[in-house]
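In this document, chain identifiers A, B, C, D, E, F, G and H correspond to the written order of the chains, with residue numbering beginning at 1 in each.
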């Protein structure tokens, strides 16, 4: 039995089929696996996004792939190429973060949107509800965006408050920021799911990437591709 | 100190402000409280939706409010009036249910959409992945909808499978259907949040109402109203 | 071995020692036990408060003790007599509730305060953050109270928002209102503990009684009694 | 899109509004972020408290800010300046710790009180209930304090015992001291919430800072400032 | 395949082998099963103890077995016959209960001890630590017992306090008394396991029977029987 | 929108495709839904098995379908017809139960096997490890079976012990028998998963049906049918 | 008291008794313990498998035992010798993995099968359901295997989908791949247990070894050995 | 406020009062704190036991205290002096361990017993139930011991099996050995609490020290000392 090379079966048609192409969750993969995937993308001339790239993997990727790959250390993302621009989605999304510790997750959402061809994403940080004036000052700006990605850890009160003030869809990204009962982000996640303001939706803890994908699926006119199965 | 009447402060302007009006979660409220709210709505000529109305409360509401209120026993909803029609949203939403036990939650989503003015919601039930052909036969129909509300209990595998096949936004509604480890719906919820297909978003367990609200917020052009705070 | 009567050892000196007398948690006790305690209090001419009295126990208590006992069905409290008035604490406490389903717990706090001699408690209900204007309209009134007991279920965002707006001590009472992830009140409790606004303190889920006791201990000049142990 | 500098929106008016100024939770922030906040405080001549400063961040802060910042390695706090003295609160607070492993959390409470202008805080350590005489010897001293901050890990029995002996408000700070079932502090937290002695309130696990803030809010005459929102 | 009668394989030799005979946990068994077991015991002239007998099963047992079976409604026990007296164990065990709601569990321990031949069990109820004087008054009496079975719900602080005061072995029986975080008894159980006083051992929640068995095994000289396996 | 009849999409080809036909989990379905499914099966002349049929549903099914349906009240199963006999599987499976409270789950496994055409299933009950001799006496019989379905609640020690003694595949069915920490069956489930004897596999709590299906899939020569998808 | 050497009591007869010999879980053991076990095996000329061998232990083992031991760094296995070939089991097992991060666990299953004498194991990686076509292309191949070991982390939807398509027994191996709610693998495990497709069985998280053992026990004709106890 | 030295209030009289002297849990304390306690003990000529001493602290203790302190690296204990011999307890205790990974916890129990004056402790390792013959061979030896401390991780089946075979009191010490569902030891703990054999008692996970203390309290004639409180 041989296993070399057999572990990879990339879903290159996912973008055509679902509107969002496959990306690579670097956490849990070896540097060797990441480099193999990166090389396959380069060879195929396909753009690809890596998320949750820690420092050692980032270094290995850059060493192997050179300037073909671009890192954002704070967002922990790496990108090869970029998807086609979607100018019709520009300016429709805001990313709001409760505290400065939420910055990496918020930036992951921004970088994902950019990689998928969306520009003019508003990034509004450090507007947690403990100082409510900070958010209220931004409400008029937020009300013009069709999607508001709200990023918060600790008790996640931001999700309900924002959703009670704006007409756009609020996509909650709970973060693992905090300690004690909120360690790991479960409290913020549950706050999003239990939000008293109707229509809040949630993604997994720290999943800025997923929120960006959902934003694009919510905004996008339907793709013309077809299910590979039917 | 008097408390009679003081316990109610309905947010009548929520629809204008956020695109989705306040509804009433009947569970946890006394029949007397529900009737008071119903009468206030009738007096104000405002439509209102009650969710999770159990049989005794339904009977009390009908007895008190007569034909001003309409019940759906399976969906456990009660409605007074209806919001303005939004024909531009007709035919854009599908509700997909994994098993026949998920019907009440799926119907709650359908009834909410109808109450909020949306028609032509596709309801596709009993297409759980154990018999995958049932879902694959419907994929082409699902691919024409901009929002797919997926309703599933037990292990919630439906969420990932649907999201890998359609371009629309998949809003997962985990249900409390099942026993043992899946009692209460937490497994289905976590499956939605951990879905390997990107862009799945989740609402609370059994929350068909919330999924319908999110669908409308995702589809709706921004409302012209303003935040009551600013 | 005889056990009749031996199961009761009431802490009659607790008020003198700690500023708050012993009360009786009815849940978990038999009607017979509750009546025995009630009779002991009447015989001793000592006021006593019963909390979480369900309907059958309430009926049994009234049948046994007649008009010596007073019930509040919504608050689920029963009282025999009343502690001395503490006029210096009048008007210092507000009880704020997020939704109308939180009324029983909020009223338990109010009834406890009244039983312990405190009047002019502000009760402000149905000001959940989904309609933030409802709370903001009341902020000036809340800012004059030294203690704000905040009562909320679901995601408990009210705790952080109130604590960011008022100078008084916010005592959070999470409630078991909600379903799915918030069933049982754990999410609201954790939101209180993880609140991003500093200085929020929490009591057990649905524990309006405990919040009222804490309010009195926070406000009260030290009692002159002594520890029974030293 | 530029993000440099945009991640910070400090709530400088929080003290005026709520009686307790914003502090900085260092855990989860980068050294660069902490230094930026420190410099902003120095420039504004505003006192600021950092909590949970680990050794590498402490070193970076001292290197960048020199003697403008003061560290307490055991309490893991760093301070720039100090709030105005509040002599009317001197001598009103005691901090009681169950075991010597609870010292860092207890000291965080003490340092917070000092930074906020309060002196003469009694610190009584290593009086866990396994050797009850240690606590009973101190009861008379504790009974003269209006606030008792009780700090305990493991089973947290200290909270109930202290609250049954003293008239002041007991603010429980559960700690993450212990292993096995008590790893993480959840048992001590739940013991505080479930305390059989009425009127105990709790803050998050290891949150000595929050307990100190609550103590000040409980003791403080109302501040004259106003809500920034209204 | 026939299953009638085949479901029972009583371990009649357990007492000889382990010092404690098999008893019957009624909860989860049908009335028919209980009666079958009772009849087998009567036929065999073997004493047997049923625990957790609810009212309908008690009624069915009495109806079927008449005065051969003896019920204790508070302890929820039923007994047929009694094991041989063990006078050498008389007066060596105390059962201490924190609150009057703990009485059923405490009585289950007492009834088990009596059924197994032990008399002069001290039952001391309602000595929770919120009123510590109640326990301290009894310490001298408790110090003469080689085993102290401590029964407590809520936060279970009694376990640590007792264990710090007496030389006997403290067997903690957590109870499901309480609400909110302590619903189900897990907090009291964890408090027993995390007790800061060394040497506390715990049995399952509400398991007064198991504590009594452990007491007998701790006190008993080794039985002369042999393992059925070897 | 019409929903009548649309909620059912039975997977009649599952048996051909996977070796085990679709069955109906009655819990969570209305009596009306169950009757509709039963009638569809009768009309189609297809055998069908219902599991977890409570008493009211059983009564409704019998009333509607008469002697076409057969109930087993202890096993809580109902059957219409029966699958073809599979004599090559006779005598290859044993079902072992730890205690008499596990009987309903054990019988669900037996009835499922019988419905699916398997006879001569050994049912060995009440052989929990507290009286190990009961199991050791049966080991030789168990060693002749290729599949041993082990059914146990509480601590589930039976799974490891059996698996260390027999060569057949041990399929563990944890049950919800027990109270306190083992309420709900999670402890028994985890014991199966953590078994120190290698090769134990587990199904969901109380899922006797699933264990029987797995037994058949493990024993069965591959079916000749084909995937409906490919 | 001497303890040297006394800590080891290897179950050398397990293979004869149960069909699967004892293996060594390296995690939690010291390098010294592993070497002692390895030397005992070599001396006894008995094959032995070590699982979960981390890098330092691997290095120590190789240094001590030289070429008598063989490592697979990705699978984290070490082997001394090999069990007898079982050609009748060749080609009957497939191992299917959802993502490339699941490779180490999938390989642990393959290496275990090989060590136990089984060849021609199909290893099919990276066929997660987000790109369903990848799995559907392999269904015909999978349908020829009597056992399908499915390895998946995150939401574990693969288990249900595979089980609905193939006639062989599906043994689910949940992995700890993922973050947020799926950290640790509990979601994937619960998805396996709650699978809507009947007959899925599960082993512990990341337990590729256990799945391989179960496969062999399911396929193997009964061993002729005997229980050591009877 | 000065805190130097104030953090220590050792309970030197605990042994006289409860039969077991205070010991020091090194985990969570700084090396400085440990050395201070060690010096106090030496100065007072009091024996003292440190548990859970990791390698750096061990090195610091030896460097500071020289040959006054004795380390056992496997048991992670350090001792200064030794309590008086209690020859009447010699030979009454056995420590049984399921697997070789449980050795450190089992040795902690042995070292604690020795430090407290007990000799001739039987240590029987690696007798997990997967190879039941290993335990059965030792049953006769175990049946002569009045206390059996059983140490097991994973599923903890050893507790029930041993308790069903021996007349002595079984004190279960669950260990954190294992991975997946048994990571952290909670499964083994719950198995002990849910044991189907009556009379098993449990201590905290990995708490060999506590089990040894309980053994001594169970065996010891009552101490003549008195409660410090009464």
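We adopt the following convention: a residue touches a chain if its C-beta (ideal position, glycine included) is under 8 Å from a C-beta of that chain, and two chains touch if they have at least 3 such contacts.
Remember, it's a predicted structure, so these values are computed and weren't measured experimentally.
Asker: What is the touch distance from chain B to chain H, in steps?
Answerer: 2
Asker: At what distance in angstrom does the C-alpha mean of chain E lie from that of chain C?
Answerer: Those two chain centres are 35 Å apart.
Asker: With centres defined as the mean C-alpha position, give me the chain A-chain F separation in Å.
Answerer: 43
Asker: Indicate the residues of chain F shared as contacts by at least two other chains.
Answerer: 14, 22, 130-132, 136, 163-165, 178, 180-182, 186, 189, 193-194, 197-198, 204-205, 229
Asker: Could you list each pair of chains that touch, in label order?
Answerer: A-B, A-C, A-D, A-G, B-C, B-F, B-G, C-D, C-E, D-E, D-H, E-F, E-H, F-G, F-H, G-H
Asker: Touching residues of chain A toward chain B in the complex: what are they?
Answerer: Residues 14, 17-20, 22-23, 136, 139-140, 143-144, 146-147, 163-171, 189, 193-194, 197-205, 209-210, 213-214, 216-218, 220, 222-223, 225-227, 229-230.
Asker: Chain H touches which residues of chain G in the complex?
Answerer: The touching residues are 1, 3, 6-11, 13-14, 22, 25, 27-29, 33, 52, 176, 184-186, 189, 204-207, 228-229.
Asker: Would you pull the chain A residues touching chain C in the complex into a rising list?
Answerer: Interface residues on chain A, with respect to chain C: 98-99, 128-132, 154-157, 159-161, 163-165, 178, 180-182, 186-188, 190-198.
Asker: Name, in rising order, each residue of chain F that touches chain E in their complex.
Answerer: These residues of chain F touch chain E: 97, 100-101, 103, 107, 110, 114, 119-121, 123, 125-127, 130-134, 136, 153, 177-183.
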